[in-house]
Amino acid sequence: MTTNNFHRRDDANTAPQSRFPVRELSLLVVLAVAVGAVYLAMGSAYSTRMLVEASCYAILALGLTIQWGYAGQFNAGVMGFVALGGFCAMTFSVPVNPAFWDSPLPGELAKVLGYLAVGIALVFALSRMTRLGVPSWLRTLITVVIGLVVYMVVISELREVTDAIESQMGFIGGFGLPVWVGWVVGGALAGGIGYFIGHVCLGLRSDYLAIATLGIAEIIKAFLKNSDWLTRGTATVSPLPWPVPDPGEVGFTLARALYLSVTAVMILGIFFLLNRAYNAPWGRMIRAIRDNEVSSAAMGKDINRRRLEIFVLGCVLMGLGGAALGSFNSIFDPNGYLPLNHTFLVLVMVILGGPGNNLGTLFGAVAVYIIWIMSEPLALYVMELIAHFGQASFGWELPSNLESRALQARVFVIGLLITVVLRVAPKGLLPEKVKHHD
Amino acid sequence: MPLLDAREVHGGYGGMNILNGVDMAIEADQIGVIVGPNGAGKSTMLKAIFGQLNVTQGDILLRGEPIQNLPTNRLVELGMGFVPQEHNVFPSLTVKENLEMGAFLKPGNVKRMLSKVYEFFPPLHEKRHQPAGELSGGQRQMVAMGRALMAEPELLLLDEPTAGLSPKYMYEIFDRVKEVNAAGVGILMVEQNAKQALAIADKGFVLAAGQNRFTDTGQALLADPDVAKSFLGG
Amino acid sequence: EVKIGFLGGFTGGIESLTPPIYDGAQLAVDHINNQGGILDGQDVVMPTGDTTCGDASAASNAADRMVNTEQVTAIVGALCTGATIAAANNAAIPGGVTMVSPASTAPAVTDLDDNDLVFRTVPSDAFQGEMLAKLLIDKGIEEVAVTYVNNDYGRGLSDAFSSAFEDGGGSVLENLAHEDNRADYRSELGTLSATGAQTLVVLAYADTSGQTVVRQAYESGMFTQYVGADGMVGDSLVEAIGADVLDGMIATRPGSPDLPGTEIFTELANNADIDPTAVFAAQAYDAAFLLGLAIQQNGSAEREGVSEALRSVSSPPGEVILPGEWEKAVELIAAGTEINYEGASGTQDFDDNGDVPGVVQEMAVENGTFTGKGFVE
Amino acid sequence: MSAIIDVRHVNKAFGGLHVINDCSIQVEEGSVTGLIGPNGAGKSTLFNIIAGALPLDSGQILLDGEDITNRPANELFHKGLLRTFQIAHEFSQLTALENLMMVPPDQPGESLAKAWFAPKAVRAQEAEVKRRAQEVIEFIGLNHVRNELAGNLSGGQKKLLELGRTMMTDARVVLLDEIAAGVNRTLLGDLIGNIERMNREFGYTFLVIEHDMDMIARLCDPVIVLAQGSVMVEGSIEEIQNNPEVIEAYFGAGAA
Amino acid sequence: MNEFVFFINNVLIAGSVTGSIYAIGAVGVTLVFSIMRFAHFAHADMMTFGAFMVLLLATLFPHAGDVIGVPTAIVMLPLAMVLTAALAVGIDKAFYKPLRAHGVKPIVMVIGSLGVTLMLQGLIRLFSGTGGQSLYVDDRKEIFRLALPFEGARVPVVITEPQIYLFVLTLVAVIGLQLFLSRTRLGKAMRAMSDNPDLARASGINTNTIVAVTWVIVGGLAAIAGTLLSMDVTFKPDLSFHLLLPIFAAAIVGGVGHPFGAIAGGFVVGFAETLAVFNWRVLLRPFSDSLPEWLALPSNLAFVGTEYKIVVPFFILVAILVWRPTGIFKGKVI
């Protein structure tokens, strides 16, 4: 038992492909039944809402499956990109705050940004000093010192302006643009930040990337939470406009169905593009890079560029999904971005569905979201049942905070789900396929 | 009683069978050499003997005792040593530590055998404080061989020990093998330098597609034109 | 049956505060059911939803379940301000459901664009902050360092406090947010004590960050006087840190004015084995009771009209109804008489924004427990 | 005389250990040059330096007159410099066939934009690539395992795949690092034939590290002997085999 | 003078305390990292578990400490270490071993350990509630206030009892581990196993034993770290989760696989954090009157606000990864 395991061949991996996708179809049927059951139990408005959220999560999961499934990059900071998307959706769509634009503060803000630009240029110039024959240790020293001074100056100027904004008009308000602008910018911004992180961290082993992204997500959250002048911080901004008529105008179910059709179209598009890319030589190259970077480089593949490409692509999807989710929730609350909901849940979706398999990921997203949402009433129901049973037959004392305890179990359940899926179906329910050529 | 006696061994990875009934037996004072085309199942056979493979059918006996389901570290206790074809050193341990690990079960051996191994392979002495991962291909091969010798096994399984070694060391290795064998250690090795290897072999096994194709003394196989043409490269 | 939903933070930041609040609301429901029920003998039931306090999407989700699946007539809740705003904007307002929060104290709720659907039975922190500032100035404290938990509660309170304190002639040497639920606030305390202030105002929760901040402040030995607000008032704080350390700590909390309702509620709660002094329990009782009255007045389990009815039953003119007097109220309503509920935690007369006036009570730690010292004028 | 690879006074040290010492070698265009030497002489290190996998400390490397010192590996590939690894570097999660198909450079399908918006061109090129891969895989005798994951191949099969990759594209210079080690001698005969053919008919230049003297003798002229990081002798195989210094350091007594 | 004492308290002592906590956490992480080859995200929660065990035991026997005159929590620590070690071994058996047997990539193990983290967190919260509790159940934390013998030194230097335990135990643990790894046969076998488990088995090393021993050590270290941390601050179910990033940063900055590196990394990260949030204005205060008008210093001269403390370990991590991926002590290139 101990020694025989290590050359095990993965059966799921090399099993001959069946022409008829039995597995896919049966899973879809199960899913459809589950959705139907939810509709029956919870009513259409609530269930449609659940589907919309599941679809937003599906976009996030597709982003993660690109990074992790295709390329083996483990991004443990999905939350940060989701938050960025939400932020853009908010900033671009909420109404303009005339109090801010009519005051002298925009000018001062611009001035600080100008300082910043000058400072960056200065530091950049200093870092090139070796060209003038300055020894490199001296250059480093000067650059660091000047950099710190510039930083301190800019930051204290910025503090002044932002304090003024906060105390005089709360926050700078939005741009009042159509919702989709915010979504596009959200995707772009997330991609941009992803580019920056990727540039620094992608050369390293994937564990390090996980740690770094975990940190980045917290930093993004800390920034959004503490920059009250920009985001109102914990005071939250709501309501956010929708790209389709909102429930106040056409009723819950219809409004949500419309929203769902928007996200569904987005998913279809993304899905189509991803499938095409994955099955093209691009996908093969990405898998090769995931597998062995040294020899990919020797085979002429620009691994840094490709890794970056994929990381950014994933982040863009996360930003986009985050924006759609943010608009749908109609509130921007930086405090509400939690690793459990926005990183680990997405992770579970991907590993359950099958990393690297787009269809599996979609399936995982919807299935896991249903489980997640339904687990609250279910957990309570089960707890109550047990408690009542215990009370009736053994005379138990009911603990006062039954609800609270039952819901703690959710964290536990997510953890359990991760470990059990990894153990039972390490490649997910719909594993990535090995391409067979005849 | 043969030192090692494998009869009708079937086995493979996962569902697929690679070995389809291989027989292989050597006495305590013999050198056995396995040759054959790439992918014939030579390495797989060594792994089967060394307990790293699911043997589905057949028996493997060491001095008459069945050993097929024993964990690897038990086999080492029973006196077997193994040099795998790939991944055969501990890259982050120094050369010396690599060798020490070879004698993990016989700490008493360390001192004596260390100097012996350094004597066999002088470059190792020079590099003894360097991590094995930084060695050249040939030097790694020496470490791998040295590691296996450290435990003074009674049966030594070698998977292509001369691959990547310069001619000088290739002959050196064959000399060592003869020397060790003379001290009463049974040797079973896979070789692609088939002519040189068969020249010192008491027994030769030609494997193809997971089955014995020819089994005879080394000299006889060398002399057999069929063998030479299709397996030894003319 | 008639459904009134309850939204609370059963998990997350205020999970230890939520159960007593829920109990308060449940007590009102029990009273209604035991005294003949609502709308001709129907029972009130109170389904619950977990907002997790911090997560807006969980809050809207829970509210949505109330509004669309449970089909409640009205909602008691939510507790945390963020949750209340999320629930209101996403579910309650589009669904036309009246919400009465017993615990969202942040000023932000006032400005909600809510079609007159969102109310609260607890005064805005803007008021408590002012009173706290006044209290300190009256006591001759002129320099303080403030740290507040970084959420809408802490921020609203600290904004109100700081501006009032500075207007009153004091100076806030440092005003620093801290994250809830960390184990270590020593660097925050370092920044705070760097100012040289001797008085530390902690606007946080007794069970979480507030406790740790005060303990570490004591260990650092840099402050001589601690000040808190309602979130800090809890004997668990004194127990955890030590009575001798905290002796003389000053605090405020929204109090129940000396109304007949307060005493009645105390007695009713004690009868039901509920702690009447628990934070926001009385407010929750009032919220649930008021909604019951409003539905009764409105005459049906429809959502339409509840908010108007709520205004009518809560404020003068009308015959005064006290906590527990459900039967009497039903009779009066049946007779077409105007009623005016005077609750356990205040007169509950809503202004145009759905806010209520409040009183603030001064508290101090004496002999190892928080004791009331009368109202701040 | 045009040297397609010109290594000039290269030095490389790991920590305090000088592995390459002022090494200069030239590889003539169209030749099959052998590079032999004792274990640890620095042959693979030199390969890694030429192929851009290791930075050098000092010196210069020219490819066809162009300075390629410290260029990244993928760039050199595009300049027509191909290499194999002594320890096989297969793509273990790709099938054997895919291992070959991923090699050809500049496949349109490798750009996202083209994969998305020009599927026709991608498919046409893909068919061509597959045809070539199929030929190569048959030639190296791995057709029966073409849909097997490369990680599951035997040691020798991996080395064959390594060699197969160099046949997938039109290179100018191919660096072969001990392709014979672990490869069956019968098959090796065919491979040598093919290398000769590629050299003669298609003008590939080869630089071959090898310990198998039969192979060196059949293929290489000239042969360079490297010892302790610098060139010991250079000449035809006969000259080398009779050089007492080389016999002492490299062939050993057994060769005689 | 007071400013200087303030600096000692808020930078020197605070930095050393934070540094030691990070160091002792990082030692455990670095061990799993180098032997099991993955970033063990559940380490922080093992720390919490250890502290929780101490809390339970101390609540059960609140007076155990009086007998020998040390805090009860310290008396209970050995027992908690045993329990945590058992937990660690159990977790490995249940969750990591099957994955290893499958030969999965390290990153999948990382994800598995994330799952374990969540499970542990849920369980601990389920049983302990989410509030903070002091590990000094019945006794009182001793605080040493050392007044400096200078004129005008109003503020004393403050150091507490658990901080002293912390310094001592960190040092003992790290030195012990270093000796174990480099000197003993078992220690070397551990490193061999981390390089190549198959070959380790082929050398006669019983890898199951090695793995078990590793987890016993890791569990014990985690219990020490968690307990000392909770004694110094407060016990909280999600206490150590927030330390995950700085601890990993410390392990990597120091060089993965080096116990001494963990100390170096821990102190680098710890001091960087305290220095970054320190308001330098305090030290300049005595001179601020003599500065010219145009150079009036802003009131806040800290590099980052305390709310951005988490940025500091992140930046150090990234900087070290870029500048020297193997860390200060040239750890494994993984």
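Each chain carries a letter (A, B, C, D and E) given by its place in the written order, and its residues are counted from 1.
The criterion applied here is as follows: a contact is a pair of C-beta atoms (placed from the backbone, for glycine too) under 8 Å apart; a residue touches a chain by one contact, two chains touch by 3 or more.
Please read all numbers here as calculations on a predicted model, not as lab measurements.
Student: Chains in contact with chain A and with chain C: which ones?
Tutor: Touches both chain A and chain C: E.
Student: Taking CA centroids for every chain, report which one is farthest away from chain B.
Tutor: Chain C.
Student: Could you work out which chain's C-alpha centre is the most distant one from the centre of chain D?
Tutor: Looking at centroid distances, C is the chain farthest away.
Student: Could you see whether B-E or C-E has the larger number of C-beta contact pairs?
Tutor: Higher C-beta contact count between the two pairs: C-E.
Student: Quick check on this structure: which chain has its C-alpha centroid closest to the centroid of all protein C-alpha atoms?
Tutor: A
Student: If you average the CA atoms of chain C and of chain E, how many Å lie between those two points?
Tutor: So the centre of chain C lies 39 Å away from the centre of chain E.
Student: Per the centroid of Cα atoms for each chain, what is the distance between chain A and chain E, given in Å?
Tutor: 29
Student: How far is the middle of chain A from the middle of chain D, if each middle is the mean of its Cα atoms, in Å?
Tutor: 43
Student: At which residue positions does chain B touch at least two other chains?
Tutor: Chain B, residues with two or more chain partners: 13, 52, 71-72.
Student: At least two other chains touched by the same residue of chain D: list those residues.
Tutor: Those would be 152.
Student: Scan chain E for residues touching two or more other chains and write them down.
Tutor: 198, 201, 207, 305, 307
Student: Where on chain A is chain E touching in the complex?
Tutor: On the chain A side, the touching residues are 2-3, 5-6, 8, 72, 74, 76, 148, 151-152, 156, 159, 200-201, 204-208, 210-212, 214-216, 218-219, 222-223, 225-226, 340, 344, 347, 351, 405, 408-419, 422-423, 426.
Student: Can you list the chain E residues touching chain C in their complex?
Tutor: 6, 9-10, 14, 18, 129-134, 140-141, 143, 145, 155-156, 158, 160, 229-230, 233-234, 236, 238-239, 242, 273-274, 277-279, 281-282, 302, 305-307, 309
Student: Once bound in the complex, which stretches of chain D touch chain B?
Tutor: Residues 14, 17, 36-45, 86-88, 141, 145, 152-157, 160, 178, 181-189, 211-213, 249-255 of chain D touch chain B in their complex.
Student: Residues of chain C touching chain E in their complex?
Tutor: 15-16, 150, 176-179, 181-184, 186-188, 190-191, 193-194, 207-208, 211-212, 215-216, 219-222, 236, 240, 242
Student: Please output the residues of chain B touching chain E within their complex, sorted ascending.
Tutor: 50, 52, 71-73, 76-77, 82, 84, 87-93, 97-98, 100-102, 104-105, 107, 147, 151
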